[in-house]
Amino acid sequence: MILSLMVLPLAAGIMAFIIRSDPARRTLLLWTARAHFLLTALIIYVYLHFGFVFSGEPAAAVWFDYDPLGLLFIGITSLLFLGASQYAVTYLAAEKRDPGEDADDGFIFNNAPEAVFTGCLLLFLSAMTAVTASRHMGLLWASVEATTLLSAPLIYFHRHKRSLEATWKYLLICSVGIALALMGNLFLGAAGLKTGAGLDLAGLLSNSGALDKPLLKAAFLFLFVGYGTKMGLSPFHTWLPDAHSEAPAVVSALLSGALLNCAFLGILRVNAVCSSAGLADFTGGILILFGLFSIVTAALFMLGQRDYKRLLAYSSIEHMGILALGIGLGGGAVFGAMLGALSHSLTKAGLFFTSGVVLAAEKTKRIADVRGLWRRAPRTAVLWLAGFFLITGTPPSGIFLAKFIILKEAVALKHYWLAGSYLLFLAILFAGMASVFISMTFGEHEAKPGEKPFAEPSGMLVPAAVFFACVIFAGLYIPGWLAGLLQGAAANISGKL
Amino acid sequence: MHTFAELIIVLVILLDLALAVTGALSTCIRLVALQGVVAGLLPLLAGAGAPHTRAVLFAVVIITLKGAVFPRLLMRARDKSGARKDVEPLISYPASILLCLGAFIASSWLGSRLPLPQAEVAWIVPASLATIFTGFLLITTRSKAITQVLGYLVIENGIYIFGLALFVEQPMMVELAILLDVFVAVFVMGIAIFHISREFDHIDTAELSELNDWRRGEYGK
Amino acid sequence: MEIIKPLLQYLAVMLLAPLLLGVINRVKALFAGRCGQPLLQLYFELYKLFMKTPVYSRTTTWVFKAGPVIGVSAMVTALAILPFAGRPSFLAFDGDFIFLIYLLGLARFATVLAALDTGSAFEGMGASREMQFAVFAEPAFFLGLAALARVTGHSSLAAMFGVLTGDLWRTAAPVLALLTASFFIVLLAENSRVPADDPNTHLELTMIHEVMVLDHSGPELAYILYGAALKFWLFGSLIACMVLPRHSGSWALDSGLFILVMFAVAAAVGVVESVIARLRLIKVPYLLITAFAFSALAMIFQMGR
């Protein structure tokens, strides 16, 4: 059953390359996403009621199996992809009718063939599923590298100079980062050499006491840098703003909402091994340091930002920093970080979807050129503003809950300077984003010459609205099964099997 | 066997130095291919006793891939993109060679600090770390896109040699997965280079700097 | 008995050194398809020059006269330290390789001073080029000799080469191979051979060593030419001693073999000169930095052993 979760999008992706008709391909995308989501929901239900998942192929269980952490992340990914597929179908149809033109240089977009886009999208889902299900660090590595290679053509959908530059940077920086993660895997294998643990998680966790400490520390450092590059932690984040601003909105949503989480999963797995080996202080210190540094970087770069998609990208960096901070603090903050991961993915995806509609309405990515959105596209403006409040952690957002839990833990552990600077930079971020979002939404809208009234595509707005509703719901009341899943994930991170 | 393996490691280090100073692109591609072949031969020589058939098979696959397939892909990318023949380094020859030497000294020191399971062929660790550093040097100080791909391949070579130092036996599936990833990465990068050359009329990545946070002027992103 | 053999060796070196340059010229002529100069040409030139009277410019002082004399004396002294066929010469002592390097430096200093003393622009240019390349060549040479001292575990040249047998090559092959390569490059640079400098060029602007000695004549020019031959023997014998896994025990056999290898080294230099073109002046430091890199690598390998 677990294997079918991966094989389904793989087969669909290959078929997408072969199918010639665009509507048929879009239908395939939609139904594959729905089937994937149903299958994921089924697996989660089975796990919650029976405590384990029928794998059906016991030999494969050493490679692919689900624990609460993996289930949480695959749940997020599948839900996100469901919304993204809905958005993508409307988006691709609109792009085919009118590719649009670049706001500043004025050339008409030359788009990649839809088959490539849809096919890579489905294969990308397959690779991400493999990452969440991996029980072997080597396989996890190969899957993360596969996601890099499969998402590069997605970024290069609008084929022009800037997107090519973004794609090249993304490809090179992430590949080099993943190569460093391979070094980390080698160190991890060496740490367990005396005990014969190999690289599978079960072996590593059960033999964690006998692992060689200096080698394990070196392994953590390399894996942290490698997967941290993919996750978007400062100072390895340099590819993120470019890739997010040049990619189509659906791709940015998937990158921010799902891919960063998958990279984070790599760090979480090795953190589990280190915690159960007794190195929790060491790993916690590094996570806190880089988490805080990411928040600071995001805050500094966000002020004076001129492109709203780039702004959202820096917001992603900030949230990844918060998650790292939460994991580093340990204890109750881990639950907060997991809740934050869930809420951030949904909110950021919704925001990117809305930004795609804004781009379609205003045809420019510059903040300064967008004014009075509420006149031009009222429903979009409502979602835009709602998204802003949710992402910055205004109650009743799930993100507010997550940030609050992390703050509470920091104060409880007497890290007063840490808590103080955390609050300060979050405030700076809120101020920066507030000025941008409010200036974009309100004000007088100057009609550009030849501008027609904008028909808000509901196919692109409904997924965003649904995601925001989920986040508000999570901020008010966390259902028992979700709390159980989050607790289980937190336990996995601290090193229990 | 022992001194033979040592000589091969010396050859790897000399190849690093040569890579740091080569001026011609085709020589660079061939040197990286040679380094890949040498790295592929190393496990057959460094282990004790006769190698298993599995190891021999894998070595053959690696040597074919790194010695024949990758150079051909890169040469095609270079020809299709019409790149100029020289490498265009951003730092001078003496600086490159001294940086490489410095990296080797640093990696020797690091290697002595690292507790390794087997201490037989002790030179593998500094050689591999120096190779990884040479790869980074190639990526950062050369401005052509192809040399950046070559730098990535050199980093992968160094990591592979490093794995030998730790004598980590990975399952066949994982080794194949790694090799497949590297192959697809080089393939995708080759395609990207072709697109870059078509879009920009050159493959000078120093020119890829339009996306920027604080640029003044018309298009400030 | 211990004084006769070293003395014989020393006399042999003094007599045979000019023959090496003849061998180089003959090999080059062979490559060029001509008959070439006689092997003993340098002897005839030395004899001719000794018969002449020197001519001095009015701008020169005693420094100009002293330069060649100091140069050749330094070379003659250096050869007293140098081992012959792996056996010690009569002046060997601990740390003598540092003495050797300083003697070479003294010879270079005297030549450069004599060149500057003439007040001519060409010699000044040659002097500056010479010192610029010495900046790169001397560290390479020094580091190489230091690495050699570490490998063999002795600090006297004679003792070092006494230990250098086939066994040492088997255990420390990479180090010794790198050192041989480094010494060969330094030999080419120090003796003004292609690719560092073309000894046959007649254009002053392209000269490095020859331009410094343009104004010397008569016996002083003879000293300079003889000193150059001795310098070539010095570097060549270092390489020959490294390559020769000696020590059959018989003095006559070893010496004969050694002299043959010296001729082989000279022939190798001749081949290199015929096959490679001379490097551009800005690239000569790159060549010497490569030699330095080889020496440094050998040293690092040895220290990690």
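Each chain carries a letter (A, B and C) given by its place in the written order, and its residues are counted from 1.
Everything that follows uses one rule, which is that a contact is a pair of C-beta atoms (placed from the backbone, for glycine too) under 8 Å apart; a residue touches a chain by one contact, two chains touch by 3 or more.
Treat the numbers as computed from the prediction; the structure is a model and nothing was measured.
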Determine the set of chains touching subunit A that also touch subunit C. B
Going by C-alpha centroids, which chain is farthest from subunit C? Tell me that one. A
Centre-most chain, if every chain is reduced to its averaged C-alpha atoms: B
Of the pairs A-B and B-C, which shows more C-beta pairs in contact? A-B
Whole-angstrom distance, CA centroid of subunit A to CA centroid of subunit C, is 67
CA centre of subunit A versus CA centre of subunit B: separation in Å? 30
Distance from the CA centroid of subunit B to that of subunit C, rounded to the nearest Å? 39
In the complex, the residues of subunit A that touch subunit B are 104, 136, 138-139, 141-142, 145-146, 149, 152-153, 156, 159-162, 164-169, 171-172, 175-176, 179, 182-183, 186-187, 189-190, 193-194, 198-199, 212, 214-215, 218, 241-242, 245-246, 301, 304-307, 310, 365
Touching subunit C in the complex: which residues of subunit B? 3, 6-7, 10, 13-14, 17, 21, 93-94, 97-98, 100-101, 104-105, 108, 112, 122-123, 126
With touch defined as at the start, can you tell me which subunit B residues reach subunit A in the complex? 114-117, 132, 136, 139, 145, 148, 152, 155-156, 159, 162-163, 166-168, 170-171, 173-174, 177-178, 180-181, 184-185, 188-189, 192, 195-196, 199-200, 205, 208-211, 213-214, 218-221
Which residues of subunit C touch subunit B in their complex? 170-171, 173-174, 178, 285-286, 289-290, 293, 296-297, 300-301, 303-304
